[in-house]
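Sharing a structure, written as structure tokens. Questions coming.
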Amino acid sequence: GDITVEQAQKVVKAAEAKARQQETLMNIAVVDAGGNLKAFSRMDGAFLGSIDISIRKAKTARLFNMSSKDLGDLAKPGQPLYGIEVTNGGLAIFGGGELIRDKAGTIIGAVGVSGSSVENDMAVAKAGAGGL
Amino acid sequence: GDITVEQAQKVVKAAEAKARQQETLMNIAVVDAGGNLKAFSRMDGAFLGSIDISIRKAKTARLFNMSSKDLGDLAKPGQPLYGIEVTNGGLAIFGGGELIRDKAGTIIGAVGVSGSSVENDMAVAKAGAGGL
Amino acid sequence: GDITVEQAQKVVKAAEAKARQQETLMNIAVVDAGGNLKAFSRMDGAFLGSIDISIRKAKTARLFNMSSKDLGDLAKPGQPLYGIEVTNGGLAIFGGGELIRDKAGTIIGAVGVSGSSVENDMAVAKAGAGGL
Amino acid sequence: GDITVEQAQKVVKAAEAKARQQETLMNIAVVDAGGNLKAFSRMDGAFLGSIDISIRKAKTARLFNMSSKDLGDLAKPGQPLYGIEVTNGGLAIFGGGELIRDKAGTIIGAVGVSGSSVENDMAVAKAGAGGL
């Protein structure tokens, strides 16, 4: 199972709706089950530096089948994966990357969100992933 | 003048409509006036290798304010810009990247399309750029 | 609004004047609103390794619309953006990158300074940004 | 002997004067005898893609102690250095990069110009190099 472009656009729309509710300006990226970019949208005025980060968060989540927050917890100083962020051309090891699952629970892709505080980014990413 | 997310989505939709008419599967990327990614969509089944190419085509068009086809014509063996493709981290020097202008003619971004023959890519990119 | 070459040269001159007052040797980079290099100057004898850092500091400030110092504070171990420096091809997460605003307060670019202590770099960058 | 920042600024000013006379919009880069960036200026409205190319032209000239045009002639299909453009992280193998010499004829740096036709780029680069 792989995410369709229709599903990816639903994820983007759900994320944007949450961002508007938060009054934040977000970059939203969706990757497929292969970790390849499927859809992307940058809200007007959103950080330019978050283009790269939103894509990286989505890829990071799919690369290890966990949220970028969970990977980040394992990558902190003193933790077992300390330093992992320099692998794979650079990982995002903070919140805002979430897996996307179909109704059966199968992972079909991931969404990455960047543009505000990590807490806001995470809430928007979860809203996106839950938008299917 | 910079492209808005609403305008970028219109460009993507116009490009997708043309691709469906052609019965091709396309990657479509939109960059803003600064050459930074604004929107992206990959149709189901479209080439994975065209993610990078579509983004590069859009950037190439904006970097030199001409279509990637026109730059490519200047970059062929024997032509004045032969070898330019290795600059800027790699340029796309074949058709499928087109400038996006507003009603007043100001360049507000560019669209890059990749997934089929260069002729089809160009037709879809032009349909996208004309979709505002 | 985007910085003009005349404004960028004023920023460089103001930064150089501050560096001479400090008796430091600086690399000074100015990027426009799109994060693209607009002007650069390296004082005689300034660190070669600071060419890259000064450009990166300016870009970092513009990519997240805050000084590289403020971003750095969020990127320390235990802070929410720990690890962000590996994104965007490498960010500078210490002081010396400052936003440039026009009279109305609109961000029109950023300046990055590198060549001495972080404190000196920051003072020169602020003098540059304030030189308009 | 290495180019000073004062000399580099003279080169930039001489190049800009020639560009204004041509009514072209140029990116102008100066590197020192070590091939490291010394000064850079982008005229308002000049191609974004020429930032990278102007720097690359200056470096290319200094890396091989000949103009980028002369290196380019050796790099064409059928010529002895065919393919050299992919070395050194990417070389510019068309005109617009010229060596800078002091009164005694010693190479003290190089200037790269990009933004118009190769012929115009070359004329501006030569005017810059001759501006000392």
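Worth pointing out:
Just so it is clear, A, B, C and D label the chains in written order, and each chain counts residues from 1 on its own.
Rule of thumb we're sticking to: contacts are C-beta pairs under 8 Å (C-beta built on N, C-alpha and C of every residue); 3 or more make two chains touch, one makes a residue touch a chain.
These numbers come from a predicted model, not from an experiment.
When subunit B is laid over subunit D using CA atoms, the rotation angle comes to 90 degrees (nearest 5).
In this structure, the chain pairs B-C and A-C differ in their number of contacting C-beta pairs, and the larger number is found at A-C.
Averaged C-alpha coordinates give centres for subunit A and subunit C that are 29 Å from one another. The distance from the centre of subunit C to the centre of subunit D, with each centre set as the mean of the Cα atoms, comes to 25 Å.
Work out the mean CA point of subunit B and of subunit C, and you get 32 Å between them.
Across the assembly, subunit B contributes 32, 34-36 as residues in contact with two or more other chains. The touch graph of the protein chains shown belongs to none of the named shapes. Only residues 34-35, 60, 62-65, 77-78, 80-84, 86-89, 91 of subunit C touch subunit A when the two sit together in their complex. Remark: subunit B residues 4-5, 8-9, 32, 34, 36-44, 48, 51 touch subunit A in the complex.
Residues 32-36 of subunit B touch subunit C in their complex. Against subunit C, the residues of subunit A that register as touching in their complex are 47-50, 52-53, 56, 72, 75-77, 85-86, 90-95, 117-118.
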